[in-house]
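Structures for review follow.
Across the two complexes that follow, chain A remains constant while its partner is chain B and subsequently chain C.
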Partner chain A sequence: MSLGYYFLLPVIFSFLTPYFKKIGLLRASSILLNLLLFLQTLVYTMMSLPQISLFSIKPPLGIAFILDGYSLLFLLIFTFSGLMVSLYMPWFFKANPRRDEARFYLFFNMLIAGSIGMILSCDIFNLYIFFEITGICSYTLSAYNKDKLGLESGIKYLIIGSIASIFIVFAIMLIYLQIGTVNLGLIAQRFHQIDPKISVLIVLMLFIGFGTKAELFPMNFWAPDIYQGSISPVNGLFSSVVAKAYLFVFFHLFYLFGLNSKYMLFVMVIGAITFLVSEFTALNQTNVKRLFAYSTLGQLGILFMAFSTNSIDTVSGALFHLTSHSISKLLIFLTLGILIHKLKSMKIDILGGFKSTFLTIVLVISFLSVLGIPPFSGFIGKILILKGFALSHNYAAVAFILLVSIVEAIYFFRIIAMMLDKSRAKVIVNVGVMNYAILAVLAALIVLFGIYPSLLLHYTDLAANALLHPTNYLTYALGVGL
Partner chain B sequence: MLEFFNDTQTIHFIIIVGSMSLFFIGFYGIATQKNLVKILVSFDIMESALFLFFIGLHYKVGLVAPILDKHLKTFTNMVDPVPQAMILTTIVIGLAVLALGLSFGIEYYKLTGRNDISKMNELRD
Partner chain C sequence: MNLKKELRLKHIILSLLSSALLLSFLGLLMQVKTNTYKTVGDIFLNLNMQTATANAVTSVVTFFRGIDTVGEVTVLFLATSGVALMLSSTQRTSKKVVKQESFVLHVGSRLLMSVIILFGVYIVIHGHLSPGGGFQGGVVIATAFLLLFLANPNMSLSHGILTLGESLSGSAYVLVALIGLFKMNILLGNFLPHPVGEIGELVSGGIIPVIYILVGIKVGSEMSVIVEYFIKEDYYKEVYDA
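On to the complex of A and B.
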């Protein structure tokens, strides 16, 4: 078993996609592929970490994939989200018949492959290639509806993405000019030797490049537009896979290059501004997709604040919050897909205009989880982040998160009140059997992690340790003792 | 008269000035142009500037291209091959993104008859 399969299997499948004559077979094999990837990840959870897969030459000269505790958690999230979305797609295409269904599956599986490649690869140039693969697939998926809105979001995303990638190429070139290597381990060892002026330039370029893609404040004006123009399952993927993959790379490089002491306050302030601005903008949105896009941006702001703290407790809490946020947002966007199809509208009123006890329950669960209300998983994540900030005597951050969360509570409770309001005209929505299963699994996970956080805490502690103390990772990345 | 150019420092200076001015031409294009095709072309100019910059700074006077033939029998006296391999890959990626962007532009033009990005503002609340 090799880590290379995480990339190879989806890519081979994508290239074979046009040859599937029967669309049912394509759907089934896409589910099977994502199930395989998820099962492989479950196998890796039982093995000792880190794991390394070489491709012919050993590092630092050759290419390798490394799986450590930090990437394992993200791998679990990505393959799980991929499985859920591929299970959801047959219903979606039955409800909205399309002739170019194969195109979706092609880019969907490539997107999963690219995101996974980005978190596994241990040299910065391969990371850039996976970054571009993920980028190109997300541009195409956001333009999947070839109508005005879809194409507009595709064009916007492509232009923004190209700017980000130019900055990243420039940073990689400067790193190579200064250090003469692209291996992450060697760069991490020698990064402090770079002339401080050039090092500031490199950090700035990497910050702009990955910050743009990870939807950080001054560069995130595009994100709600992209969410509005693309189809709901793709929104779910953007929110729970793509944004999280860029966040992974951002903090992986942040801690590997030892930037935490110098730039911690900067990232924390930017995260706080992201949180504040997004939540206030979300207050007066009338389009559901834009509303939840702004809510995603706000949660990413909290995560950026908590990740940059350099303390195991806070980072572990942030990873918990990230996992629970991924599950909740996937649930919300998949449900929105059902509602938008039945009610033929994207206005916020559709959340008050449907009648289905099941959907109401799962939506309320996910809203309360995003808000951080017990007994759901978001509560554990938020309380761990707050506890971490309090332990490091950063009471300003605690107060800030709590105060801005009130703003978040305003619009979420407004929606919940709208859903429970009996005086509104309701359309009866019946969910397919498969969707019952998917949404029930997602909601059950939210409740499960809320009641038994130790199930997930094991992995988040492992991940936080691997992120903050990458000694093991570096040994493998340098190819010592292989 | 042209011995002047047989100096690594001079060549690097020319390359830095040239590629940076190309870079800012591209940047100016992105910042000022409204036509989608022109913006994509500006991206290409910016990328080319980066490629020139990177390849150029790895050239030193007296070194040859890293291809084994009658000039190069052993792996000495040649420029670093890694940047060239990296740039080749980056060129391919840039081409793919450019093609994708143009195809989006064509589809959008077919639908609306416009290619002005300042008028692409239908995604709003």
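On to the complex of A and C.
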């Protein structure tokens, strides 16, 4: 048991990929790897938090991986998504055979490992390294379809991502010049001593860097193109793992550096604009992947609004909504992979052109959950966010979220009506046994968290407390008493 | 190319705007006061005796911030695999340009190659004693192969050996990290003996020279693979166009 395994095991796996001569062995070991990491996370849920794993020497000089309540929830989401996608991939490659399948597993496992590294590391430069690892994996995976759309998305992501990482390097450099350290605990202690002019510059650069990657409004023009060009399971990973990892880092630094009082309104307005613009743009999309990409951006907008509020109730609700959104989007994109393969099209009509009771049911469940309709988990998340806003007397935000949700409801109900329309020509779609199991588990989780929210609320409360009051995290990051 | 079309008003405005931003950024940087804290760098310099290496930079790179180096090696590996994934699709014609290399070029490049490789190996092995190390030495070794390719584009490297070097050195690096975990309960812990008295000798510093040699093998083989992919890509495209 060590937190280092989350990074080192996938690394050793990807170094050895050229020696898996049989593709079946590679598939099986990828599943095994993700299963092991998921099981380790389950063990961590039963242990006292925070947990720490040291590298070379003790912090604050050395680097350590720290697991607190906030990162535990994200770790659960990431390892679970990794396991689901690795179980799904054998079907996907059987349906869409590729010669370079082995390289997919390499990048896929490192994508998850990089995202996990970002949420565990307690050193801002080390975090940047994981940022780069995640970045390179996502550039390559978005270009994995080596057709025109795929290459366009790969190049676009490469350029945008590199610009974002330049901003982050500059911010880290300025921080080091000012306070002589890259340890997150020490930076958190000393951040207020930085000259205000420079600290605004640092915050702005971090905002541009992580905001671009976390798909915030003025910098998110690239995201739908990336979703359109890449394969469906990768879309699911981008939506449920990668975007969430950047969001994690954004708010981790936001609260650790004590920026919440100064920049709260700013982030909230940016989040609101993201939500508004994305939902209206989603209305007239004709490509399914672009549609759900814009829907993801909209949900990220709500999350940014709720996360910046500095109130435990709202943040806990936001974490609940984030979890349920991750599960729903994973389900939607994995199902889209099946439909796009069978109907050979990415037009929105394919959602009305298939015949499979099972797929219809799971899709409707996930749509209603994203919309926030009872008895599904999205409802609990959204109602907790609204309740949090109402408790802090921010009625404008409540009205705004409810009004924009109507726009969201328009396109989701349009799709649902299309799916239930019997007059359309239907193609019978057979789902493999494994896909049945994966999609059923995801849909069952959505229903389960909707009916017994206390299962998940335990973890989200823990996470919200750890995020807003990081005293425990700081003592570990500073290496006190190790 | 039509220059008038390229130089639009918006481009001029954009470049003026970005230069103004850059100037204000530099102006801000000029006003930065020097920090009042001791930087981590100073503390590491004082701690360097613990690691028993003569080169303080090496102990920071491979030991104090060792996980960063694992990450950097991984970034390089991912970049190489990405290049391989993207370039392996180009249509390769079986037609080869039979270009006879000149005798002087043939002998000269091979003579130089052995010297360059020797120099690279020296830099890698002495990484903990003198400036340089795995990354620098690895790149020097890769330039030897670049020279061979420039002299004779028909040459091809043995992929089996390169992949072996790449995979085994990388995995061995991670294994070293894990052995540290089992023996000292700290990942990347320095579990080999490193008495301070041996400082400056070739075998000193515990795991640090071992890590740098592994990094050297990995970087060397990966850079060679990248060089080969790019050179062959260009070469095949020329053949294809012609």
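For the reader, a short list of remarks on this structure follows.
Heads up, the rule we're going with is that the second predicted complex is superposed on the first by the 482 of 482 C-alpha atoms of A that agree within 3 Å, B and C clash if a C-alpha of one lies under 4 Å from a C-alpha of the other, contacts with A are read in each partner's own complex, and residues count from 1 in each chain.
The rule is short, and it goes like this: a contact is a pair of C-beta atoms (placed from the backbone, for glycine too) under 8 Å apart; a residue touches a chain by one contact, two chains touch by 3 or more.
These numbers come from a predicted model, not from an experiment.
Residue contacts after overlaying the shared chain place A:G62 against chain C, while chain B stays out of touching range. In the superposition on chain A, A:R190 makes contact with chain C only, not with chain B. In the superposition on chain A, contact is made by A:C137 with chain C only, not with chain B.
Within the superposed three-chain model, A:S53 lies in touch with chain C and out of touch with chain B [touch as defined at top]. After overlaying the two complexes on the shared chain, residue contacts for A:V11 are found with chain C alone; chain B is out of touch.
Look at A:D100: by the touch rule set out above, it reaches chain C but stays clear of chain B. By the touch criterion defined above, A:F125 reaches both chain B and chain C.
In the overlay built on the shared chain, the residue A:K146 is in contact with chain B and with chain C. Once chain A of one complex is fitted onto chain A of the other, the partner contacts of A:D225 are limited to chain B, with no touch recorded for chain C. Overlap of the chain B and chain C interfaces on chain A comprises residues 125, 129, 132, 136, 139-140, 143, 146, 154, 176-177, 180, 182.
Across the complex, chain B is touched by residues 125, 128-129, 132, 135-136, 139-140, 143, 146-149, 151-156, 158-159, 161-163, 165-166, 169-170, 172-173, 176-177, 180, 182, 224-225, 228-229, 284-287, 290 of chain A.
The touching residues of chain A, counted against chain C in their complex, run 2, 4, 7-8, 11-12, 14-16, 18-19, 53-57, 61-63, 100, 103, 106-107, 110, 117, 125-126, 129-130, 132-133, 136-137, 139-140, 143-144, 146, 154, 174, 176-183, 190, 195, 197-198, 201. Of all residues in chain C, only 25, 28, 31-33, 35, 37-41, 43-44, 47, 63-68, 70-72, 74-75, 77-79, 81-82, 84-86, 88-89, 163, 166-167, 170-171, 174-175, 177-178, 181, 185-190 touch chain A in the complex they form. Those residues of chain B whose C-beta lies close enough to touch chain A in the complex are 30, 36, 39, 43, 46-47, 50, 53-54, 57-58, 80, 82-83, 86, 89-90, 93, 96-97, 100-101, 104-105, 107-108, 111-112, 117, 120, 122-125.
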